[in-house]
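Letters are used for the chains, namely A, B, C, D and E, taken in the order the chains are written, and counting of residues starts over at 1 for each.
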């Protein structure tokens, strides 16, 4: 029954995730090698002769056997060297470092937006099951998840930017008039506040708004659904009856008792939704010219540029591990039972 | 102090309207322990939930009164507004539930759950809440209350959880305690411990208790008076001794005969035939026991409404041809 | 404990060879990294053909594990199970459905709802064992057999097409019993068959079980936490506490003269009409079954008679009368004797 | 059976939205079957004379850049889109069911190995995995189906595993073993049918996602080959015309795509109501 | 009308360019317009101002600042073009439509203020501008020039290949005479050598700045130059956010030409074409470069913007049919010339022109003759849509009942190629040819070209200059270069091409050879030319000074903004 300490949980989690990460490395490597394009032919240039292509191939190390390439790759990984992106010309590490905050900021903004909407809506629906409010909320949320994100994005741009002109141009993270805040966290919203530049904050927020809404709409449904179901379950549970029979005020019953318990499935879903959004990001980033890692990966994929794809997937896998870790820790905070069974 | 009169409750479900309670009458005197006994589906818990105002959304009170009178208040529990009922709950009347482990908030320290109740019903300064809660834990004979205060329900055994539930229910010294199957799921030895504790506390605090149970023998050991329910009807209500020595309703008699007991031989164990009537049925017989009764007389028992009579000042029975 | 074997034989020379013989049975579940939960610890007993053996104990004492070991749903950690003189414990639980003894060793479950496949009609549920284990039956024979079984357990024929959620608790219990007796088992293990039922139904089922036993000549291993029920149906009773058998003997003897303090507490806790409540002798919380100290009596700490010796030497099961064993350094009669 | 029917009727009657979803589903299914037969024009025949015409009586949804009738293309695409979704979901459902049931039932090393593999799959950003697979295998319809199935696999495996895990020690499973059922039989006849209803909810929710996924692949150029009509690719291609004012190219296929996904999502909810007794109050 | 004239420069050198780099697919749209420092009257810039210019472009975003690097994309040439200087540049001229184009017949000074050819014509001496400095203020010396030339011929990959095209192969050829004087020795007389020194490749790099960053593994500082500015050009780098934006500011001490009018140029990456157009329409950007045909048509029609659309020299969109008898081990129907001719008659040219290209291209079909009497290039084929003819030819072929085949196109061209292939598919179906369409992601299409593994592809190839012999050398010659999408091999064709290459335009044998190989191409029809594409730009009315360049990038130096 002894509860594991936080550090134990962290270690345990990381150890448990290790096989997955190794699996990811192997699969990614094989997958990238299976891509049909010949990077050597691509990068040798159009007029290159066979010899020139061979030379490029040698330079890229693509002439070695697959196993050799794999071990070289793993060796580089251990040195923290993810290689150089042939399309951006930068090291993959640099690219990822500069782009990851953009993706994270966007995803988090979308997620926060979705949570801010979904949780109250879900609770509202759960307290009035089968009412028209409940159905209305369900329709709204379902509509959000039924639209392809790129379509939502383009449509919003057309409407709000092109037609109505109420949002700034979909040009990445900042309007051209501004330059990026000094890098502290890499999140423009945070960095601009830290450097006390409110105008910049406003500009960054304005750019963020539309893509975040696009993403948020997509995340709305699962969160609302889970909140509703989980609240509904909690509200009919025994301990809520106890709380009500003890004369606790409705507010405390709803939020202090029911909602806190309902949080557990919500947090789980949050994790899934987050990793899901990181994927959906790819399309949104492409539409909004958002300089994140998603659009980066797409470009690399289309160019058969191995290093960025591998780096991207590895980053995502690590992110996934970290995310799960955070969720586990959140569980420990919310639920004293967490981790006891294992 | 509690007088339930003609209480009727219906549940609207997808399959139809369930007449869960019909014209339920019983009363509880101050300091008295009243047992409500019946098989599952007899409406025992619905009665309790109705009195506490924690009925599911689907349930609706269609008739009746539940007059509650304590030293401080005199109200009809069924007519009070939600907010004033809330004041009463926990303070004047409280309830403990079966399955104590799920009846406690799984992610809140048990001590804090007690202070939550104290906080909303008493004027104690916050600093004293904890002390008072510890005091309550000690009063339900929980060893090492300081340590248990910080425990979570999952860390405690079923018996301990039920004691915590008792402490929670009694925290604000209610005048009436409704105990809904408080020992179901507990081992017999634990059951005895918990029941003895309840008994002692009720006596100490001069608290009236309603003990809801399916176990006739258990009720007979702890109750002053017993109300027997069957399919949403109260069929008999009498002091414990007279109920057992001289049951007047056929159902009561059959229930007694069907209950295994240390001194009863296998041959003496008599099953009750038939099933509970379907409470959704539109053409429910006036006497809901009629389908299982071997004294059924269509001329007599088919009459509406069901006859309810006092055979003695404190012995009521709902039968046309009592034993 | 094994030395009890000849003792029995001597005491009851006229008895036929036992139907079921369990020797030194142990089941240990790993808990976490190093801890082990000793669910069943060195248990030995036997059941004679036609005998009804009761097994009592509170929740978590290992009753369920024990019967799952016996019915070969679980693999044993150590010890032997002999059934009809065949050693069963070496057959893996996973292989046992194909064993020739499968049909002879059946179980009635505690929760009639949980133990019926929600997607199977009553008919399919009852027919399943026949289809699986005596496949030579043709469809008509099968129907006739199922009808017969339904008749035996008092299940109206028209309910056979129903699914579990359309049946009442008592009806479900009947379906469960019909399934268990479908193959004419020699030993029927009943795992608290009435605990989920109302008293009115419980009485019916108890009578039904008594009838069936007579009709089919089965042996029963009847598990319950309710001594009252055991008393009605069983010849002999085993009392279990935290994985160990603490007392065994004829039911009447145990009821009238419990020897182990735990048995005594169990019996005194049985509510009965109009008796007045009496304080229970056991206090405190049970010891943990995880990594139990081998030399300490499992009841130590709760036992009103616990002395130093109880935490130095684990009391062994010893005969104190023919057919009556108790595992206590200070059995009630001895204590009573010394007190008187 | 009758009660199930009654209950279905009840759920539908009680819940207009679910009813609407059922109706929509029927309409889509009809369209998938009859689409090519009842489409007013050929979905592939070009006519440069009427390119990029806005919706009119002759062409309700307008025409595309090659003068093809958008309505006809949308109608004909139904079969392909639903086909992709159904096949992808069916594939992942079958494989996921098998893996999940094995993992949940056998536990131990079987579970560990399967779960690790699934974890590895989950650690991939799933859409990127789909992109990678289609890019690596080539963008044919089969490969889109495989890729979509692949990224749905973890969901099914995990859900079924946990559902089986819950039921593995249920009484009726032990009872099945007592009555002589071997492991595979228990899995196939006793466990799986009981998990099925829960899975149907996921299946319908997943169908919507599979359609969206195919559309997303189309958007980055990894969709079906032209001139095949497919909603996603029509939206993706039409999207570039929005700014120049030819909104109907993206809007109509987009709306139908949304309706389809919407329909599956609502159906999933409806099924959940049907199955989850707790929601039945 | 664009007659190939050979104009003697002041040095008296014959200029002519074929640049391998020009062979890049016309398709990939990228930006850069240029104006050489030596301004042509019409295009000459206004007074330097504080104007700030924002542009977006189709077809990618500059991925490096070092155009010698492996994998540097074409848009990067535009940045390099203005950030670095070369020794010489080209003049400019006005096109018939009034727009300005570079003039490949005129070489003008850039970093070199003058040059003299040796008597024997086997070397040239450049005199550098004495006042020219790099962006960090250090003077440009002949040492830097030599290091830069050494780098270009040694670093490998495309730069080295390109230098070789002008017979610049060996560092020994480059000699520092003194700080201001630099000599290039020729390996042999080659009409391309001088011209090759005015193309984007031989940029002059600040060698002193790079040297601290050289390592054994990276002897030419590729890593450092990739993201850093070591130039002396008219603009210097002020911000480089890979794949996001590049900001350039005017180098006020630029001496190699008149100071540009625009002070700051911001190049933004906007991948969605619709967004690029919306930005222009909303006035958020000044220039949208490399427009799709549709946008070009519609933006022009709006008459809100200044638009230019210049036919891309020496570039053709075409359908190539694999001519080998066997393809992937199977019999190849397109080896039959009748089939190829039938296809050429079956292609719905006008429909493609109208619906796929919105009329924004120069038709290359129908008007030509089977017996060409002109060396104009590109020139239209004599084939026009004639289904009767096509069916007749099919009936005469070995495949009267048709066959099944596949047509691959580059996803990067999908805006026009996809509708075009659908139209072709529909049309060929009438001949019984069932065409499966295969769209290939941009990066993979290069492999398709190299492998020559598809029976039919949509090709799109152009050289930097308008010489038919060079076009044919890459597109029809039996050396089977990448852009010979048909894998066409014909010794007779090879002989004609080689003869033309060895000769010079204007000479009778040259003209005859050219006319003969065009005739042969029209007869054999391994590739069906469709159109000559155009390079399009739309600018806010306040922007002027656009000039077309062979490298198809915007030259910011020449632009002005009101």
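As a working rule, contacts are C-beta pairs under 8 Å (C-beta built on N, C-alpha and C of every residue); 3 or more make two chains touch, one makes a residue touch a chain.
Quantities reported herein were computed from a predicted structural model and do not represent experimental measurements.
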Most remote chain, CA-based centroid, reference being subunit C: E
Outermost chain relative to subunit B, judged by CA means, is E
Measuring centre to centre with CA averages, how many angstrom lie between subunit D and subunit E? 46
Chain centre separation in whole Å, for subunit C relative to subunit A (CA means): 55
Could you state the distance in Å from the CA-based centre of subunit A to that of subunit E? 40
Per the centroid of Cα atoms for each chain, what is the distance between subunit A and subunit D, given in Å? 23
For subunit B, residue numbers touching 2 or more other chains are 56-57
Junction residues of subunit A, two or more chains touched: 35-36, 129, 154, 158, 162, 236, 286, 302
Can you list the subunit C residues in contact with two or more other chains? none
Subunit C-facing residues of subunit B, complex: 39-40, 143, 157, 159-160, 187-193, 195-196, 199, 214-218, 220-222, 240-241, 244, 254-256, 258-266, 269-272, 275
Considering only the defined contacts, which subunit B positions touch subunit A in the complex? 49, 52-54, 56-57, 86-91, 94-95, 97, 99, 102-109, 116-117, 120-121, 152, 154-155, 165, 168-169
Under the definition above, what is the set of subunit D residues touching subunit E in their complex? 44-46, 48, 51, 65-67, 135, 139, 221-222, 225-227, 237, 239-244
Can you check the complex and tell me which residues of subunit A touch subunit B? 1, 129, 236-239, 241-250, 252, 256-257, 260-261, 334-337, 340
What does subunit D use to touch subunit C in their complex? 3, 170-172, 174-183, 185, 190, 193-194
